Every structure is written in structure tokens, then in C-alpha cells.
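In C-alpha cells below, several structures.
Next come two complexes, and both contain chain A; in the first it sits with chain B, in the second with chain C.
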Partner chain A sequence: MKSTINRTLDIAWKELLHMRKDRVLLPFLVIGFLLELTFVAWATSQPIDNLNMAVVDLDQSEQSAALVAALDATDTLTLRHEVADEATAIEAMDQVNTVLTPHANTILTLVIPAGFGDTLTSGGQPDVRIILNGAESVSAREARRVAEQTILEQGMRVRFNMEPADYEDQLPQVTVKYNEDLERSWYTLPGEAALIFYMVTMALAALAISREREWGTYEQLRVMPFRSVEVILGKALSPMLVGYVLFLSVLALMTLVFGVPLRGSLPLLLIVAVLYLLAEMGKGVLLSMMARTQLQAVLLVFVLVMVDLIFSGYAVAVETLPQLVQTIANFIPIRHWLVILRGVMLKNAGLDVLWPHIVALIAIGAVIIIFTAWQYRRNAS
Partner chain B sequence: MLATSVNHLTRRFGSFTAVNGISFEVPEGQVFGFLGPNGSGKTTTIRMLLGLLQPSDGTATVLGQDISRAGNELREQLGYMSQKFSLYRDLTVVENLRFFGKGYGLSNATLRQRIEEVIGITGLQGQENTPTKNLSGGWAQRLALSAAILHKPQLIFLDEPTAGVDPIQRRAFWGLLYDLARTDVTIFVTTHYMDEAEHCENLAFIYFGDIIARGAPHDIVESTLPEHVLAIETRDPVQTLHAIRNLKQGGVLDADGVSLFGAEVHVNIQDPDLAKSVLAQNGIDMQRTYAARPSLEDAFIALVDRVDTK
Partner chain C sequence: MNLRHMFALARKEFYHIVRDPGTFLLVTVGPVFLMIVFTYMLTSEVKNAPVGVIDHAHNDASAELIDRIEADPVTRIAAYYESVDATDLDFQRGDIVAAVEIPENYGQFSLLGDVPTVHMIVDGMEPTSAEQVLETVYTIADEHTRDLAGDALSGFGLDSSLLDLPINVETETLFNPDLRSIVDFYPGLMGMMLTLPALALALSLAKEAENGTLEQLVASPVDKRALLAGKMLPYLVFGMIDVVILFIMGQVAYSVPFRGSLLEYMLVALLFNMANLGLALLIAVFVRSQQVAIIVAFLVFFVPPFFLSGMFFPADAMPFIVQLEMVEFPSMHYVSLAKAIFLQGTSIRDLLFNFVILAILGIELFEIAAFIFRKKIIVTVPWRKWFNRDEKRQSLTQQPIAQSRG
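Coming up: the complex of A and B.
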């Protein structure tokens, strides 16, 4: 047993030597991904603001001007065009050349019918219409929400002389748990961190064996009296180490700089991270063994990343996906890891609720590593 | 005891048979030469013996163990220097040796001592911290040999260890092999160089999957070519070669083989004097002639000739 550990470490040490001698790969990966995280954090911590709004005001009354002003006053919408008719407004929406005319891409067009002011002051219901640019679905949804709310408030103000505070008790009481201000970055960043962790370790692991093949050293390694598990784990260890250090940096960056809370147990997170890494590493080394060249291995990783992401819950909650996809997702390590990571960070989830995901991670990891070791022993052909 | 014994070993790649039911034996403590032209199955055979490749058929034992059941205990007794340079180019000489030594289970103290020893044996002193990629061909081969012998294996497979190495380095390298063989180590070496083959105690000659000759070099020559060689220096060797072949085919000259040997034409013949007069009568241009015993190379060319004309 002791010698197995020693021999695993011998291989791991050699891998670290390779990594140290490669002056490009590691700095490139680490700096690249830390920058990526910073950009994502910065971008998602910004609210969706200053969306382009066009107005077709066929009424030209005091009330229509007040409505346009109220919309323009929101953070979300900014009045860019006042156009004479709907056709011109649609034209502006069609305009996608945002390089030369950055304001052209209209997200929302407001059409105020003639007689709007009169209808409103006489207590009627005017037909205000909004036209949304569905090509920018996220922005359009946000623009719609804000526009509807503002139009409603403006109507209440003119027709009943009521300010929002006057009818607040009519609305449902909203309490937001876990992410009180619904900060987008709190949801996005842990996902991004998981992705970085995943990509770096996979990319490095993919090189582990394919590189030896390309160097012509693979057969030499195979005639040495190493056990297959020693080779697989030894090969996995140095990417794991790099991945782990990167994970710690990303975690620190997220919590200390970008303010994502870490409410649950840090030790739990750190331990589960190792389990997760083992599973992913097994996969990376397996790919590496299947590939004939390093290039092939890296391309295989690309494909795998794409597939895994569908099931991961990285961008879309897994629960909203079709049943079949949800079932498959149970076999994807990163899916469990994301649940655990978000759960521990935002919801203070502990072992008592997370254990099924942890057990799943261990099971998947064990199967992958055993399969990989078996493949290594077998592929004398 | 036999270091290796091969029985009807076969390897097919798809419908192509790379090694065709070969059998031979390698006595312990010898330098055993495994010869054959490019693509005749030498590397394939070695890879099967090392357990890197599954035989399609047949069996073999290495150091008394069946290769189909061989495990790490056997691997510890074997050394392998593959045809392609297979050390880590980015690591230094010592880093490479340390990894190999540890891989073969040497303790730190033994390892330090052995590294010093093999570096002394192979003359790599002063290059310890050179990155392997900066070593020239001959030195790289020495390092590869160092790595293969570091753990004192009983049997070493060397696949064309001297390809692309200059004659002086080549001789030095073979000096190292003999020194090793004197210590009971068995050396299984493939080569294309006939001078190297002549120095092996036993040979097997593989020709496109089949073993066409086996034995000590001297015996192979003797049994293949009991005749003498008449060497002819001539102004136009190619033309002379064809002219003599024509005589042979026409039944005028009773020769066993005619071949080009450098700028000379070699004729394998029972009676060199008689042949010389026949050739002279038929107007063959002979600047200078001498009769000799055939070399190993002559024997192999004759053997290949016989197989090809069959």
C-alpha cells in the first residue's frame, strides 16, 4: 500500500516536472481563466440598464409626454428615438449594425394611440402597445417588466391620483431568500467557477497520456512495473493540484472581491471538491487514453464540455429541462457539483440535504476510475 | 536456462500477417541478434515479448514466464530500449534516470548509487543536468541504454540501439553491451548492421514474418554458403553484375549467387579458380579479383535470394 502511494507520487512528480518545464501552458490557463471570471463577475454584477427605447407618440398630449418621461426616467429604459409612425419604429428595430450605430438596436417600442390623454383622464382604458425585440430575449423580458410596471403606475397616478405607496398593501408581499437583491452574479459566478475548475483540469488531464503517445514514451511507461491505478492516479494528481489551487483562488475571488456569500461549511466544500475532481480527472485521463494525439484529446474535451454543459445546470436550471435530460443529468458529475456548490454557498446546505449528490459523485467517480484503469491495462493492442 | 523461448508466435494486423508463426530460443547470458530488413516484424515480435501487444497465435516464455500471464514481477526483470527515442525530452538526464529508477522500485540510496554507476559506465558524466532534448544522437542512445540497465534487469531488449550513430560511438556502445553480457545479462538486440550481427553469439534472421535462418553467425554462413566468394573489382559493376547473371542463367557459370557488394561484384562459387577462367573466357571485365570466405552479409543476401526466387 505504501509503495503504491509512493509510486503514484513518483508519476505525479514527473508530471509536475513536465508542467514546470512548459512555460506557456500553465500561466496561460490560469491567468486566462482568472481574467474570464473577473469579466463575467463584472458584467453580471451590472444591472441590465439603458436599453434602447423608441416612442411613437400619436397623441402628443400632456399625459403622453408624462408617460414617456416616466419610462425614460427608469434605469432600465432610455429614450433614443421619437418616430412618426410604427413602420419607422420597426425599421429602427431591424437595424442591427451596432458597431457603427450603437443606439440603433431598439429593444422596446412604445406606441401611444391618438386620444390617449383624453381616454385616460376620462377614466377609460387607453390601448397603449409595446413592441419588443425578441431577438434580445433577456433584455426584452426585462424591458417589458419595467414598462408594464411603469405604465400601470402612471395610470394609477392619473386616473385615481394614487402613488405606488398608496396601494402597496394590495400587492403580495415578496420575500427573497438566499439572494435578497436577486443579484445575478450570485447565480452566475458559482456556475462560472465550476466551469473554470472543470475546463482547466480536463484540459490538463487530456494531455496526460496523449502527450506520452505523441512523445513516443507511452510504451516505455507501459513496460515499467507500474500498476494501472498508479499510472491513472499519478497522471490525475498534478492536474488535480492545479485545478484545486485554481478553485481556491476562484473561491476567494468570488467571496472576497465580488461579494458572493459563502454561508455553508467551507471544509465540506473543500472535501467535496476533491471528490468531484477525482471523477472529472478519471474522465480526462480516459479521453487522453482514447486519443492518438494531444490535439485529438483537446478536441475530445471540447465536445465533452459541450455535452456536459447541457446537463450541468450551468446556465439553465436542470429542473426546467425535459425529463430525459434530467435523468441523464444524474450521471454527469458537474451537475451534482453545481448543486452542491450553489447549495453550500447560498443556502447554507449541509451534508443532511446534500448527501445524495455527494454519494452520486463518489459512485460516478469510482466507476469512471475503475473503468479507466481497466482500459489502461487492457489496451495492449 | 533459456532467457526467451518463442513457439509459433504469430501476429496479424487485419488480414496482414506481420509475424508468421516464428520459433526461436535465446540462451541466457548471451548477446542475441535479431536481424531482418525494414518491416519484417522485429519490433512487432519484441512488443509481443514485452506484453505490449497480444499475439494472435502461439506462445512465448520470457525468463521462464508465459507472456500471456506476465505481470509486474517479470517487468522488473526486463529492460527495454525502444526503436524510437523514448525518454522525456523536456527532463534532464538525471531527472529521467531518477524517474526510471523509481519506477523500477529502487530505493533512494540504491538509486543514487546506480545513477552514478550507469553514468560512469555510459560516459555521461558532466551531462547530468543537460535537458535530454539537447543531447546529440549518440549521447541520447547512451542515456536510453542507461535508463534500460539502471535497475539491473536480467534481460534487455534493444531495438536498433545504434541506428544513426557514428561508427566510433557504435563500437563504444557495443563495448558496453559486451561488458553487460559478461555479467549474466541477456541482451536481445535488433540491428541492420552486419558488423554488429557478426558480434552476436546467436542470431535469428526474420524476413517478412518468417525466420529464415538461426544459429551462430559462423554456422549460418557455413550452412548457407559452403562455397567461396569470388570478389571482382570491375569498371562498371552494374553492367558486370548483369553479364555474370546472364552467364549463370545460361548455364555457363555454375554459381550459387551473384550480388553487388559496394563497387565489387561477389560471386558465390565452389571453385573460384575455375570460375575466374570461365568469366575471363566470356569477356567479363575483371580489374582485380580475390577469393574469400563469404561474409554474413553474403549469406543473408543469398538466403533472401532463395526465398524470393521460391
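Coming up: the complex of A and C.
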């Protein structure tokens, strides 16, 4: 009589053999998702710069030329057109300027009215107008921020002869913690890594039982002398192994190649990853039992991933979502895992801060696995 | 191509779709559901972000500043601290996302031009909401300081207009007055949702291959193009129904403006649908298992359109070589056309290049798939037999029924 551990390992070994046999699936999963991570890293680390700017300079004075030059000198804006009047400028914002990316129109048009220079030098408050292209909201917002700041600086320079450094101490002081340069990829990469890790392992786990069912070997599995927990854990173990290896490689990729800092304790992260995987795998096997075919299993995973994405804090911080969503989010493993992953990596958070999330992970995982085992047994009778 | 054959196959495929709840939901409810998830994820605005306060002043001015932060919809006051160091733990826990330190002499101005200013600390972990919170608190603090300074100047008997900004900026936004990101993303996202019927088509063909019924279809007198077109047609119809549903949803639920010609948009959507389904056929012709089809489809349908089509990240910020590469993907042309038609009311005539490429892709991808499909069946049969024999040596093999019989 073999022990429980032995029997669990037997099932896990059988699952690994299945995986080895499918020569396409695993390489595709691993290479495909690593490729995607690279894409995301690359796309989100691109600064938004060289946005097209058009100028309608009705003043044609020294001051207006200086203002245009100051805006052109920023990384964000680049002067592309000088237009005679406002109507032409608005029309030009519709126009196609490049063949390959025609929607990359003029993002910002600056209109400097006549008399701008005179009013400014005589101590008055001249007006300028900014026309934004709202069809590119992300770029437009960035362009507006930079333009307003540059215009303010230029105004201070001309009217009070003050450089930004001269009045800096009169403005609120700002310190940014954890992600000092507000690097977008530092937030998206751990999220993306967690998602990849989640999707790959879920997809593998979800196929575990539905495949047996489709091939008709499910009944055989049933009559074998395995206890339900042994089957569930055995089925979950091999996707976990793949998931863990994937996690390690993604972690290495993130920290070594893309420069996301790992400020906290690595062993803590490695241990919690196992707990997280256990919870997710239980979920995967449960789904797998609910589905009749492999196709259904994969579709169920797809839906579940989409739902989890809302609650996970993958794209936006959970703290900023409505209260109801925050409450539901507490029951979703990936939400806790993301807090732990980002907390350890960026905030150097330790057990003293993260323990509620770790406890939650263990509790959710235990409930899911017990429920799955119970379901499996119930199906048998 | 025999039209009768095509319609017969289309009817068979239609029954398949309607019979299987998974596939049926995937092509009908799927896109709507996915759209709700995405719009929710991508456009949620920061509300009631928790802010901590370190108040060293304890005077009327600081109380007023705290009230203003509390009153703003973006922020709320979550906790009070004695020192900046005390905030560390709550920052790590994520209980507060920003902290404002008010100096002891806040609100007290001297004629020498000493301006006491607040110090703010922001958790930058999530840059998008961090920027919003930062901007909000910064503006509140800056305006409050200005107001206080204005009062102080009047108190000294000076003109408070000295504090006016040197240049007044008026902002006007075309096409999307409130700069709502949903307006900008929606037309592109609609295209993303249309990939779901394509995914279902790839899966359906892979399923036929796995079950061995594809061989039967090939052996039947139906010619290959009628076979593929018949399989494609129901998905095209469902795709266009999705377009209509999503279009209405955008108008009603998200009030996305539509300024162009509806007919032109539908034409673009139809071509994009065809191109997508052609791409799906191409994938399915190469790949013979459902699992692999899902993964390849995911990589082809979701990754490039999402990150490289210019939907979220401006495409002109990308290297020229990537832009060139994207010419081959239908999604980039769709996004360009859809955005222009929706928001700017541009006519297809002004974007002829994109339209022509999209039309070529819509027709050509299907033709390529049909061409390869025919060759594949003839050429690969002996090779597959050899491959199967090799596989059988392993103890655990799964063979599609048709092949193991052969």
C-alpha cells in the first residue's frame, strides 16, 4: 500500500508525461507569454514624446517667438506646422500627415493672439489659446500638462525675469515614494507577470480533468484506488511545477532585463508564490470538473480571467475602485498575490505588513481545494 | 465556388454554433461582456483616494486646507500622523496613497516674501492614479497658498493681482471635449471584441480536425473554397450582429460620439471582420489542435492589436520598423479608420491607403488560407502517418479518431 504522498506524486507524474507528449502546447505557452511580457514592457516604457504641435502666431513678436521656441524645446512637443489662421488650424487637425500612422494627427495647436508680446512686457496678463485633439486623449492630456507648465515658466521668465529655480520654494514640495520616476512599466510588469503566470497555469489545470473526460478515461480514474484529495492535488501539481518555473523566469526577466527593483525579501516571495499557486490550481481543477469538453474548460478559464482582471488591481489600484468591488476583491486570490508581489518588489514590505494577505491566500486556497475534493467525491456517488 | 454547397455548409456551421452553448455565448454575449470588462478596467477614475495628514500648524489655515482635500471627489482624508516617519507602515500597507505635511508656520506670511508651503508625499507604485492624486492635491495646495497670499497682500494694503499667472491659458478640446479616454478607446475596442468570433472560427476548424470530420469534409465533393467560405459565413453574420450591438451600446451606455457615415463604418467593420476571420482560417489551417489554436489566436489577435495598433499607445511613438510591420495586421488599419470615422467624421476617401489595405487583407487572407488548405491535405498525409507511428511508441498517446482508424 502506497502512502498518500506517493499516490499524489504518481498522478502528478502521469500529468507531466501528458505534458511532455504534447510537443507544441508547452513551448507555445512559455515562449508566447514571455514574448508578450517583452512587448508590454517595451510598449509601456515608451515615453510619450515628439507630439505634433501646430502654431498660429498672430502676434509675430519677439515674445511669441520665444514662447513657441520654449514649447518646441520640450521633449513632449515638436513644432510641425505654422498656420496662418485658426480655422485652417482646426481643419489641419483632421488631416492625414503620415501614411503609416494617419491617426497621429496634430495633437495640440497653440494660438497666440495679436498684441500678446506688448501686453506681456507692459505687465498685463495676455491670453493664449490651446486647441487639443481629443481623439488621442492620452497624448492630449500629456501635451496639455507640458504646455501649461512651459507657458507658465516662460511667462515668469519674461515678466518677472525669474527662472523656475527662483520660485520653486514657493510651490508645494513633492516627494514620490517607491516608484520615484513614476515609471509605468514598474507597475504593469509585475501585474503582467502575475497574469501570465495565472493564465498559463489555469489553462493547463483546466485541461487536466476535462481531457480525461473527453478521452473517456475519466471513469477509469474514478475506479482507481485514489482518494479525492490525492487526485485533485496530483492534477494540480504538474501545472504548478510549470507555473513555478515560469514564475522564476519571469521574475528574473523583470528584475534583470527590465530593471524593476526587487527591494524586499526574495525567500518570502518564493514561499508565498507556492501558496498562491495552490489556490489557483484548485480553482483550475474545479473548472475542469465543471466543463464537459476541453474547449469548454478553456472558455471558462477565459471568462474567469476576465472577471478576475476587474478585481485584481492588474490595471488600476484596487483602493481607488468602488467599495463593493473592493469587498468582492478580497475573495480573489490574484488580488492578494498582486499586493504581495508589488509590495515586496517595490515597497520592501515584510511579513508584518503583508500577513493579512497571506492568511487570506491560505484560507481561500484551503476552501477551494476542500470544495473541489468534495465535488469530486460527490460526482462519484 | 458552388454557392449551394457554401450555404449548406454555412447552415451546418450555424447549427453547430447554436447547439453548443459555449460557442454561442462566445460569439454573442462574449463581445458585450468583454467590452464591459475592458471599459471598466481602462477608464476607471480615481475617487476617494485615501490621504494622510501630518499637521504641524493646527491653525485655521491648515484646517481649511484639510477641508478642501476632504471635499474634493478625488481624495479623502484617511488618517492623521505626528511625523512623516509614522506614515511609512500605512504607505506599505496601501492604506494611504498620499500624505500632506503642513509646516508649523502655514498661513503666516511676512513681507519679506517667505512663503510657507506644504510638502506632499505620493505613493508612485501605480503611476496612473498617482499622477491624478498628485495633480489634485498639488492644485488644491497651490490654490490655497495663493488664496492665503492674496488675503495677506490685501492685509498689507497691496494689490493681489500681483499673484495672477503671467499668461492666461484657455483650453479648447476638439472631438472629445472632456478628454474622456473611453471616447478615444471605444472604436478601437470594438474591433478587439470582434476577434472573439474569429477565435470561435479557429477553434471550430481545429475541432473538426481533431475529431477527424475535416477529412470527411475534404473527401466530400464540396470544393475547398466553398468549404472554408461556408464555415466562415455564420461567424461573419454573428460578427456583424456584434458590431450593431456594440455600436448601440456605445451610443447609449457610454455616449461615444459618432460623427461619420454609418454606412462607411459598417463597410470598414465588415472588411475588418473578413480579414480577422481570414486570419483565423489561416491559423486553423496550420494548427491542428484546439489548445494550440487558442494560444496562437491569443498571440495573433490580442497582443499586436492591443499594444501596437495605436489604440492605447500612440503608434507614431513606435519605431518605424514596427509601424511597417503593423501594416500587415488588419487591426491597425481598422483602428485608424474607426477612430477617424467615429470621432473626427473623416470620410474613407481621406484614408484611402488604410481602406485599400484593409480590403486587400480582407479578401487575400481568405484566398491564402484556401490555397494552403488544399495543399496541406494532400502533402501532409504521408508525413502524418510516419509521425503517428513514431508517437505510438510512447505509452500515452492521443490520436484523433479518424487518423487512428487510417
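Following the convention adopted for this analysis, the second predicted complex is superposed on the first by the 353 of 381 C-alpha atoms of A that agree within 3 Å, B and C clash if a C-alpha of one lies under 4 Å from a C-alpha of the other, contacts with A are read in each partner's own complex, and residues count from 1 in each chain.
Operating definition for what follows: contacts are C-beta pairs under 8 Å (C-beta built on N, C-alpha and C of every residue); 3 or more make two chains touch, one makes a residue touch a chain.
Remember, it's a predicted structure, so these values are computed and weren't measured experimentally.
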Should A:28 be classified as contacting the first partner (chain B), the second (chain C), both, or neither?
second
Chain B versus chain C as contact partner of A:215, first or second or both or neither:
both
For A:3, is the partner it touches chain B (first), chain C (second), both, or none of the two (neither)?
first
According to the stated criteria, A:17 is in contact with first (chain B), second (chain C), both, or neither; which is it?
both
Which partner does A:226 contact after superposing on A: first (chain B), second (chain C), both, neither?
first
Mind telling me which of the two, chain B or chain C, contacts the most residues of chain A?
C
If you lay the two complexes on top of each other, which residues of chain A touch chain B in one and chain C in the other?
14, 17-18, 21-22, 215
Quick check: in the complex, which residue numbers of chain B touch chain A?
47, 50-54, 72-73, 75-76, 78, 80, 82, 84-91, 95, 99-100, 102-105
The answer for chain A against chain B in the complex is residues 3, 6-7, 10-11, 13-14, 17-18, 21-22, 215-217, 219-227, 380-381
Taking the complex as given, what residues does chain A use to touch chain C?
14, 17-18, 21-22, 24-25, 28-29, 32, 35-36, 39-40, 43-44, 46-51, 90, 93-96, 98-104, 120, 125-141, 144, 147-148, 151-152, 154-156, 158-160, 169-184, 186-187, 203, 207, 215, 294-296, 298-299, 303, 306-307, 309-310, 314-317, 319-322, 339, 342-343, 346-349, 352-353
For the complex, give me every residue of chain C touching chain A.
22-23, 25-26, 33-34, 37, 40-42, 44, 46-50, 89, 91-94, 97, 115, 117-131, 134, 137-138, 141-142, 145, 164-177, 179-181, 183-184, 203, 207, 287, 289-292, 294-296, 298-299, 303, 307-308, 310, 312-318, 320, 323-324, 326-327, 335-336, 339-340, 343-344, 346, 350-351, 353-354, 391, 394-398
